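What follows is a set of structures to go through.
First chain A sits with chain B, and in the next complex the same chain sits with chain C.
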Partner chain A sequence: MHASIGARQLEPVGWIFAALNLIFLVSAMGLGIFLVVESVPILRLEGVDFWLGDDWWVGESFGALPMICGSLMVTGLATLLVLPVALSGALFTSEYLSPPFRRRVKGIMELLAGVPGIIYGLLGVSFLTVGVKDALNLLDGNTLFTAGLLLAIMILPMILTLSEDALHSVSSEFREAAESLGLTKLQTALRVVLPQSVPGIVGAVLLGIGRAMGETIAVMLVVGSLDRVPGFNLFASGQTIPSKLGREAAEALGSGLHWNALMALGFTLFLVVAILTFSGHLFIKRNSQ
Partner chain B sequence: MIQFKNFVAAFGGRKVIRALTFNLPANSITAIIGASGSGKTTLLRALCRMNDRVKNFRVEGNVLIDGMDIYRPDTDVYALRRNVGLVFQKPCVFPKSIFDNAVFGVKEKMHRKEYPDLVEKVLREVFLWEEVKDRLGEKATTLSQGQQQRLTLARTLAVGPQVLLMDEPTSSLDPKSTAAIEKLVQSLKSRHTILWVTHQHDQAHSIADKVLIIENGQIAPFETPVARPEQSSSFTRVLQNVQEYPE
Partner chain C sequence: MRGSVRGWVGLVLFLAVSFPFAVAADTGPRIQIVGSTTVLPVVSRSAQKFMESSSSRILVNAGGSGVGIHSVAGGRADIGMASRGISPDENKRFEKSYLIVHSVGLDAVACVVSSEIFQAGVRRLTARQIAGIYLGEIRNWKEVGGPNRKIVVVDKERHRGTRHVFMQYIFGNASQRTPGTLLVTGSNNEEQAKIAQSDSAIGMLSFNWMNDDVKAVSILDQGKEILPTWEAVRQGSYPIVRKLNFITAGQPKGEIKAFIDFVKGPEGQKIVAESGYIPIGNPKSKRLN
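Coming up: the complex of A and B.
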């Protein structure tokens, strides 16, 4: 009797939760639809050349390839740089640190993961561009490499702490079973704990990549903002989708095709980040089951 | 032979094992019975030094296996654990194939070509070969609880331990699987020194050469099992129904 009354009383609350969830869902869909609608004029004009063209001259042509290449290179470099550090750090934190030290490291990592991009951007401008310029004897320290390095520093805490969560969630029964067979702590970590954490680690990396892909201000400050296909030269200035949007959105607002081209860039980024984030959540969910 | 000399195991100031002194003969089965919290599992884990990383765990006295003190500072703990295998209460197979589970502990110790022979040997030892020989590549988690427990025992045997520690290995199994494990342990006695922790007095008396009663970290004198047909164990009760596990 009480249970049924309770259930009836909870029903309106459930509807409120459902409505709130619907708002988020509609917002995400609305954002996607808005980007598509705003992109249609430029996509109709340029067709697939919008993504394959390498010239971006306002009023003449809009080719997104330099920005797409820049985003992929910077994010790829950041991922390559961050993976070994984040994984070894996560393994060490999970498997070797005592619980009190682990909690402290986790707390610091979670704090760093929440630091806004502009702070990292200032760090990049102050130290990284100068450091890269001097160390590599370049004319300009604002390069794709600098941006990748900065993004690696930015996403390291997030990937490390989420990967550590995945490693730590592996049941201690498996560790004990492995150690009872004479495996060392390292062998246990590498042969038992790590393989079982792969879905969670992949999810963490995908979320980190998603953040790196979408980072605007920090990258904008160090990437050099040059619209050209960088080839394989990481030590040249370049451009990413978010940095392009950050630089030109305000001046392009209401200016016709220029605005539509930026919206199409935004739609491209939205798609990539949405796919990555969704995949990351799926992997993390799978790991927690 | 395993010798305990004034052996004390404690967590901080709380002594779980109190000044044990006794010898266990080689190639015998010793059953340890006692109430929950009496120190049975601590005793087993102390023998393979699985509690080394437990905070505040400390030992006093000596434990000797074939005359070597396992708590000497220069003891190779990993070698010790290969020599003293531990089978847990709940079977814990790795989420890998049956084959990979069987050779898990020896993968860095022998050549890949030797794996198949070893797998067949240890799976035959635990009477599992006939049941799984056609599906060695399948996930070990698809096996029944009883089969998983025999697989964990095979995995331990593959490492080549001299001593087998069994921590209530049948507590989560059905009677048929329990009987299979009990029979299996009897067959292993000739090659291993076995310590079997159990709550069940009838099981202890039916399988063990010696029964050790442990209370509050101390042992009562050795009990020699006597034939008590009226108190038939799960082994004797069920064995007549279990014909599919060949000698």
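Coming up: the complex of A and C.
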């Protein structure tokens, strides 16, 4: 305390900032503590079986494996689908588009990034499920694949625009130096600009994954909501952690173990996102050395 | 093309119910009503009518019968809507809340199939066949006289009133497990839309939710075919009938009582009939049948 803040004379405004920062810290920690405390009864009862059990039937057993698998598969698929599109789009927007065009594209992307999940969900349930069913000749279109595809569409604008920011913020001196050495525009973009902006891009992708992991309503409407471990079959219906919470939270509110189990699901999601973010930062650190 | 028309229908239906439906006047006491999407049409229309001559402000939210009962017991709503009775388990859990049931109408639940299946010749099913389908023993429509196509088994969330009544008739157990299920849906809208989008689905819906894409099949009981018609319900021969209920914690008082009396009264019962259900309780309303 003394060494970090006291050493530099903090002005009054600085204290206000510090206090506001404290609000953020307290709410983040409060959330974590709340989730842990609310999860304790079910974790004490089920132990590790909460995460390893594949049967969720209120009043008998609570196994979260179907939801965990579903969340990971859906988010993984969305990330795989979105990465090539977002990266090439960001590179093209940043390195090839003229400034006025770039501004317009950015404007549209930022607008799209703010569209709420329910809109995507409604479009998904109305068109995407039917489209996926017909295109792939499936028994039904409410599948993990549909959810992943919808999430990819949802997080694309956000990842694209944030990655583009990272690419664009690379100093133009590098581009000029590269071009004066005789590199083509593509070589400059791929070999000079891209490596420098990796931390920013990783951050963008992590934010996108975070949104995809936590998306409730859009996924709930197209995923099929079936609590079953999907194996490796993407074209079957499944359940994700947020969609499970969305389906059952209202019913479970204030009703003991069921509520605790849902909170433990929330805690699990919290952990997964934390681990992802942490490993993302580790990756950035290792890369910048 | 057909699919996209259905898509739009689904979209509109979802919009209609996904968002909390609120009717509001400026002043007066506030009555919070939550629960069954089956009872919802009656209540929202009644609320509008009731508020024409009252200063109360009535807020109506969907969520399902289980949510309605839990919300009233937890003090989060004044009136719970339920398309089923209170289960023994709920009665035990909420003993202290003195839940009271007020019946306001009568409804029937049909076993429904996609129109393509209906047209292909599946017009009647026995309880045993339906049970087989939901247990996953019968997987193809040809086993029950339909086309050679796999069955998309649509179930509802476990706490939903429609599911309780349906499963009670089919299995004699309101919370029967159904390993054959492919999709789990929530509101009547959602289930109707998903069955309509599919061309080989089976599900359960209140009589009111039938349309060109979602057809009810007859129930074969000991060789006798019972048509899914209101006529059969009135004669008492149709087996899957349930009461539409209001749930309160303790005896209702003041404006809450006034509203319940309004729905039970002639004007309310007229709305019940207009909403497509059978009025009950009030001898004067018999002629509306």
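To be clear about the criterion, the second predicted complex is superposed on the first by the 260 of 289 C-alpha atoms of A that agree within 3 Å, B and C clash if a C-alpha of one lies under 4 Å from a C-alpha of the other, contacts with A are read in each partner's own complex, and residues count from 1 in each chain.
In the analysis below, contacts are C-beta pairs under 8 Å (C-beta built on N, C-alpha and C of every residue); 3 or more make two chains touch, one makes a residue touch a chain.
Model, not experiment: these values are computed from the prediction.
Chemist: Give one of first, second, both or neither to describe whether A:Ser180 is in contact with chain B, with chain C, with both, or with none.
Modeler: first
Chemist: Scan A:Phe127 for contacts with chain B and chain C and give back first, second, both or neither.
Modeler: second
Chemist: Considering only the touch criterion stated at the top, classify A:Val192 as touching first (chain B), second (chain C), both, or neither.
Modeler: So A:Val192 only meets chain B here.
Chemist: Between chain B (first) and chain C (second), which does A:Asn137 come into contact with in this model arrangement: first, second, both, or neither?
Modeler: After superposition on chain A, A:Asn137 lies in contact with neither partner.
Chemist: In the superposed arrangement, does A:Ser172 touch chain B (first), chain C (second), both or neither?
Modeler: Touch partners of A:Ser172: none, neither chain B nor chain C.
Chemist: Of the two partners chain B and chain C, which one touches more residues belonging to chain A?
Modeler: C
Chemist: If we count contacts the way the header does, which residues on chain A are in touch with chain C in the complex?
Modeler: 57-59, 118, 122-123, 125-127, 129-130, 133-134, 139-142, 217, 221, 224-227, 237, 247-248, 250-255
Chemist: Would you mind writing out the residues of chain A in touch with chain B in their complex?
Modeler: For chain A paired with chain B, touching residues are 173-174, 176-184, 187, 191-192, 196.
Chemist: Using the touch definition from the top, list the residues of chain C that touch chain A in their complex.
Modeler: Against chain A, the touching part of chain C is residues 3-4, 6-8, 10-11, 14-15, 18, 63-64, 66-67, 70-71, 74, 76, 89, 93, 150, 152, 157-159, 175, 177, 181-186, 190, 193-194, 197-198, 200-201.
Chemist: Sort out for me which residues of chain B touch chain A in the complex.
Modeler: 48, 50, 78-79, 81-82, 85-86, 88, 90, 92, 94-95, 104-105, 107-108, 152, 155-156, 159
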